[in-house]
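Next come two complexes, and both contain subunit A; in the first it sits with subunit B, in the second with subunit C.
And then the complex of A and B:
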């Protein structure tokens, strides 16, 4: 293979996007065929490139900004995963977005997003990486904004939140260039002492914000409502998570030398633990299928950050394994949500119920994915969570407790979701049918992978995850059954408790949808929930309030300066000219005296000059 | 010396400056001929500057000089910095003249308009290539006079007052700067830049002269506390505001900063802190004002004030990467901000208002304008693949390399605000519910101009290698590396 092959993952999506733009409108199935062909080609390419090592570098913009690409174990794995999701979700969208007038821009943005993800993962230069990474902002904005007439507000919110974190990253890169003298990723080797710590934080902000961690999360639940559904499955659920966590791993494992006792490690674990708990608390009380899922898309990032943040091998492997597992079950869950929305016409849980019989395949896929996310053995999520628990426990009981409590609430909220949406009494009279084949195939494929990656976890762990870590992992092998039986027992007990909690909730209120009301309206907690639902804690709103307050002061200051020009200077000039005007009395004698006096001054000046 | 290139240099300045006065005469005969002549005159500057580029990038300095008494030698010097600046300004200038064909066609005083615009761009070339402080000052003042007439173009009393304000503030600054020049003359006995450079080879320039010249620079480049004339100048016709704000006038100040304080003198250490702080405060205050204003041209004008802060920062940290970033910033910001103003002009002309609270949903009827606006806005924000991304990164890299976290943080906050106020204005104009009966798209030639600027903004990002290589040569030449 020649080195030029490394450009194909960038060229193929680009050509796909351009081809889509020139596809005539009248051609039936035109855009669908182009989109499927493009993403399929990209998938085949990713399979062909998997596990190859290629390096390319050319000078670009000076100051160490080279156009350098590096294909190796880790990047080829992310490209493969992204290609798989892009293909399956495109296939799904050909059915779910059929007849929607935004289908074509959606495919274009999807292809461009794929280009950006592939480029960012391949890049071996931080500025080149940021070039693709930040380019995702444009497609993110575009994809949300086509959703509905008022989606642009959410799109703007997403753009501003992610854009600000990307600017942090830009400054972080500038600091890396200053401190390390290079921005070639594979050559960077910094510590978190002094300014290095600031550079680390700025880069991490960019990474976890892309992954959707708190406090950069608040656009995701809004996008779940406003954006086209496949968007949620492709960007926040899979591609952005893969990219964000990929880079988080690169920063904390390759670029910076961290050790388990550093503040950086503790910070990451704290961010992870808080994200797990707060987001799942919000997920628990949602009343909309998609919105509930979107909070889980935030919460699960917490496990990955926590796992990688532990910096112990078992935790890192767990975090990375969780990254790929999450991308699978979460996109599958969103796809089930999409098929429910398309077939039943709503995602409002109050209006859903009893559709399991009429949509059996969707229901089974939902159960598998929900069991995976809740960490039920033997699905994939169980194994990755056990690894994260193990790592968290090694670093401190409190992190383990946060993680396991998160699992309890996750399980509880999925029991509620499944029960309210698929079981129970049927609402309304409309006949609900199973989704079309093109929507089922992606769901079935991903759900089967969830089972496969669980039952045969040696396949992903030995082939995909563990080789990434190389030397760091010497002597360890985490595939197979969990080694710590005590933790497994604890997990099973917690899951059983979640089930009991659900049964208690349903019994108490009589409705599956209200199964979590005893938590929602608990003393004190209920009050906090009220405030959260009024968006009191939304970091975006808080940030905008601060900015607007600042803007008011700045504008006032600006007006004050303008006042100096418009009023003060003018009045002062009038005053001076007024005084001088009074001297011009028309008295001939006084004019002569002035002239003589002035002439004398000039004379004295000239004499002194000589 | 190559005579061909000397002629080019002379033509670049004098063809538009002298030709401008023929425009009103041609205008009496034919509108179209006058318009095309104006475009041709400006294009001469662009073409001749591009013609000088290969020599400049090879490191040759082309110089034309005529001896005059008392050190008032007339000298034109084309080094890489001057060629870059001239090409960047005349490129945007030519597009703006093209846009004017559509925009200005239904207003009075068109002859005067084209005269002033061409004279303005010609004297800009004179200023850029000038190798003598006095001629630099002379061209500087010609641009002030031309812009004074242009801001007051619509002749309403209030507008004329604002034109006077702009004139008075910049001329006040220029006179103070002239005092600084005279001070330098007293020390060195020459206004010739190369002689001055030789005189200050080993010692820093006196701080008092720097302070005096800096006042001139800040007032021309609309930097706090001399900036408020710029938002007020928004009463001018749109191509003029674009010309004034984006491409040329406000860049004069920062260009002179680069020309004098980087390429000619060495500054004492204190200025590397003072100037970034002034620039930072200016960037933040203007960004805040941009978030509060509701007049779209004023918002974009405040945005210019804010972005000038970034350019000044890059120059003021005076390390190689920062200066390269600042020069690229001049180019990218010129293209993008010019595009924003011209889009605003289309919107203003077709909706008959400048108040963004009375607009909305225009993307449905003005798609090309809307997308061009968005592209230019993204470039100003520094989002890839637009050109603004690289210039913003390089300026930040320069700031980080200077080691000052405080100043870097101020500008980081300024960059956040840029994102927010540009989205605010884009959303309020183009998205949401339409407030009035939908306005039509602009005329063909106007839409073409804005689309060209948008495409150039993208090209500037993807093909960054070419401007970047050129600018790096210029900076190496300037800093003597």
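And then the complex of A and C:
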């Protein structure tokens, strides 16, 4: 294999996007065929490139900014995963977006997003990576805007939030260049002392905001409602998580030398724990299928950040394993949401119910994915979470408690979701049918992978995750059953408690949808929830308030200037004009007096000196 | 040769009344004779060949017992006089119905132009006064031409104020004649230089300047001007605004201050102050006007202020800017008055409240007016921009920062009233009742287009025009 192969993951999606743009509109199935062929080709390419090591570098724009691409274990893994999701979701979209007029731009954006992810993952130069990284922001913006009529506002919100955090990252990159003297990722080796710590934090902000961690999350629930559904499955659920966590791992494992007990590690773990808890608390009380899922997409990032933040081998492996697991079950969950939306016509849980019988395949896929996300053995989520727990426990009891509490709430909210959406009494008269095959295949594929990665966790762990860490893992092997039996028992107990909680809630209120109301309206907590639902805690809204405040001051200032120009000056001019007009009576006598008086003044002025 | 500038038109008037007055066909041809005379004047002034101008004509010169001389300032004035007279001629043919009226008008027009040509060529102060009176008397008659109450009133006011100016100037001339023993510029300049601290001489200077202020219509000596401009028939407005006040008031002011009172700081201070007052009072008064011509009249006052302000610097650059602005202003202001004549004739009124959107129906008039407005406001690259810029730069270089700033601020007021006028008259929705409006006839439109082209052309070829035509004027200071 020549080094040129390394360009193919960038070229193939680009060609796909261009081909999509020139595909004639009249051609039936034209854009679908091109999109599927392009993503399939990309998937084959990713499989072929998997585990190969290629390095390419050429001078680009000087100042150390080289066009360097590096294909190795980790990047080839991310490219493979991204390619798989892109292919499956394209396949899914051919059914779910069929006859939608925004289908074509969606495929174009999807192909371009794939290009950006591949480029950012391959890039071995920070500036080059930034180029692709920001490119993904553009396609993200584009993909949201093609949604419903509120989509533009949401897209702007996403753009601003992610854009601001990317700004931090740019500063971070500049600091890295200043401190380390190089922006070639594989040559960077910094510590978090002094300015290095600032650089670390700035880079981390960029990475975790791409992954959708708090406090950079608030656009995701909005996008879940406003953007086309496959968008949620492809970007926030899978590609962005892969990219964000990939970069997070690169920063904290490769670029910076972190000690296990450093403040940087603790910071990451705190961010992770807070994200887990707050986001899942919000997820618990959602009454919309997609919105509920979107909060989980935020919450689960917390586990990954927590896992990687522990900096102990078991935690890192758990975090990375959770990354791929999450991408699978969350995109699967979003896809089931898409099926429900397409077939039942709504994602409002109050209007859903009892569709399990008519949509059995969707329901089974949902059960598997929900069990995975809740950490039910023997699905994949269970194993990755156990690893994260293990790591968290090693660093401190509090982190473990946060993680396990998150697990409890996750399980509770999915019990509520499944119960309310699929079981219970049927709502409405409309006959709901099973989704078409093209939507089922991706769901089934991902669901079976969830089972496979759980039952045979040695396959992903030994082949995908552990080789990434290389030397750090010497003597460790985390595949197979969890080693800490006590933790497993604790998990099972928590899950059982979640079930009991659900039964209690349903008994109390009589409705599955209200199963969590005793938490929602608990004293004090209920008040906080009220404020959260009014977006009191949304950093974007807080930022908007601040900006509006300054905008108002600027507007007052502007009004004042306008007042000077439009009112004061005009009125003053009119006053003088009126005065002059009144003086010109047309009486020549007064004109003569003016002239003679002025002449007298001039004479006096001239003669005064003598 | 300079005497021919007087003798040829004078001879033309005689021929007109002896030969052309015989029947109506010949009277119509009078237009062409006048056109030929004015065109000749412009041509010889533009290509001012020294051989032509410096030749003494012996006996012919002795017809007039006045010694003439010409310099570059005179040439510029000749160009202005000729051009504006031609414009006035076309407007008269377009606006006046009666052949006899046109014939009489042409006679008076030529007489007025003789007076103005005399003003710009004489070099003794009494002859200056004589030619000024020739111009003034022709102007009185021209303003009163329609014999309406309004025009008689306007003419009367001009007559009264002009008489006061005459009294002031004659008094001054008498004193200066006493002091110098002659009326020649050189003799008077020497006398003023010698008796620097003589109160009587200073008073004489002040009186003369005040007389010129009245003639030039500068605030607060301007009372006659808006009434006279507004009441006068359209072609006369063109003539008055274009050249009469300029040659009688402004040109003479330039000549007197440079020849008789060089570097006389007190006079310069008066000039700058009066100029600035004129700029602001004229511009502010223009904002409130409802009558198209009246607004243009006040605008003229304001622009005269710029010229006087530039002159007040006393520097070569300032005087060059003043002369340049004089030339530009006589082009674009007569363009505006020509257009106002067209609008007045087609609509039947010059009340702006009864106009609106007429650019749609009178595209040429509308477009050329906009060009003239923009030039007046000093929008690059039109001619008015350069002359104003030069004046402002000259003020700055002379250390008159306050006046320079005021000159710039006043530009904004100019822009304000012209934009509001443009919206009321030319742009916006067509006013009801003007649906059948037509543009003016070819002759007048040609004049408008030529003047607008000159405004643009001088702006674009500014360095060439400034260096070849305007800058040689500095000789009047160096002398």
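What we mean here is this: the second predicted complex is superposed on the first by the 549 of 610 C-alpha atoms of A that agree within 3 Å, B and C clash if a C-alpha of one lies under 4 Å from a C-alpha of the other, contacts with A are read in each partner's own complex, and residues count from 1 in each chain.
The working rule: a contact is a pair of C-beta atoms (placed from the backbone, for glycine too) under 8 Å apart; a residue touches a chain by one contact, two chains touch by 3 or more.
Small disclaimer: the values here were computed from a predicted structure and weren't measured.
Enquirer: Does the superposition put A:577 against subunit B (first), subunit C (second), both, or neither?
Expert: second
Enquirer: Determine, under the contact definition given at the top, whether A:194 touches first (subunit B), second (subunit C), both, or neither.
Expert: A:194 contacts neither subunit B nor subunit C.
Enquirer: With the two complexes superposed on chain A, say which partner A:60 touches: subunit B (first), subunit C (second), both, or neither.
Expert: In the superposition, A:60 contacts subunit B only.
Enquirer: Looking at the overlay, does A:586 come into contact with subunit B only (first), subunit C only (second), both, or neither?
Expert: Once the two structures are laid over each other on A, A:586 reaches subunit C alone.
Enquirer: Looking only at subunit A, is it subunit B or subunit C that touches more of its residues?
Expert: Between subunit B and subunit C, the winner on subunit A residue contacts is B.
Enquirer: Quick check for you: in the superposed arrangement, does A:138 touch first (subunit B), second (subunit C), both or neither?
Expert: After superposition on chain A, A:138 lies in contact with subunit B alone.
Enquirer: Output check: A:523 vs subunit B and subunit C. Expected answer is one of first, second, both, neither. What do you get?
Expert: neither
Enquirer: If we overlay the two complexes on their shared chain A, which of subunit B and subunit C does A:602 touch? Say first, second, both or neither.
Expert: Second partner only, subunit C.
Enquirer: Kindly classify A:550 by the partners it touches after superposition: subunit B alone (first), subunit C alone (second), both, or neither?
Expert: In the superposition, A:550 contacts subunit B only.
Enquirer: Both subunit B and subunit C touch subunit A; at which residues?
Expert: Subunit A residues touching both partners: none found.
Enquirer: Within their complex, state which residues of subunit C touch subunit A.
Expert: Going by the criterion above, the answer is residues 153, 156-157, 160-161, 164, 168, 197, 199, 202-203, 205-207, 209-210, 213-214, 220-221, 223-224, 226-227, 266-267, 270, 281, 284-285, 287-288, 413, 416.
Enquirer: Once bound in the complex, which stretches of subunit B touch subunit A?
Expert: So the residues of subunit B touching subunit A come out as 165, 169, 224-225, 227-229, 284-289, 291-293, 302, 320-321, 324, 378, 381-385, 389-390, 392-394, 396-397, 399-401, 403, 405, 408, 412, 415-417, 419-420, 423, 427, 431-432, 464-465, 468-469, 472.
Enquirer: Within the complex, which stretch of subunit A touches subunit C?
Expert: 573-574, 576-578, 580-581, 584, 586, 588, 590-592, 594-599, 602-603, 605-607, 609-610
Enquirer: Okay, in this complex, where on subunit A does subunit B touch?
Expert: Interface residues on the subunit A side: 59-63, 65, 127, 130-132, 134-135, 137-138, 145, 150, 152-153, 156, 159-160, 163-164, 167-168, 170-171, 173-175, 177-178, 195, 198, 544, 547-548, 550-555, 557-558, 561-562, 564-566.
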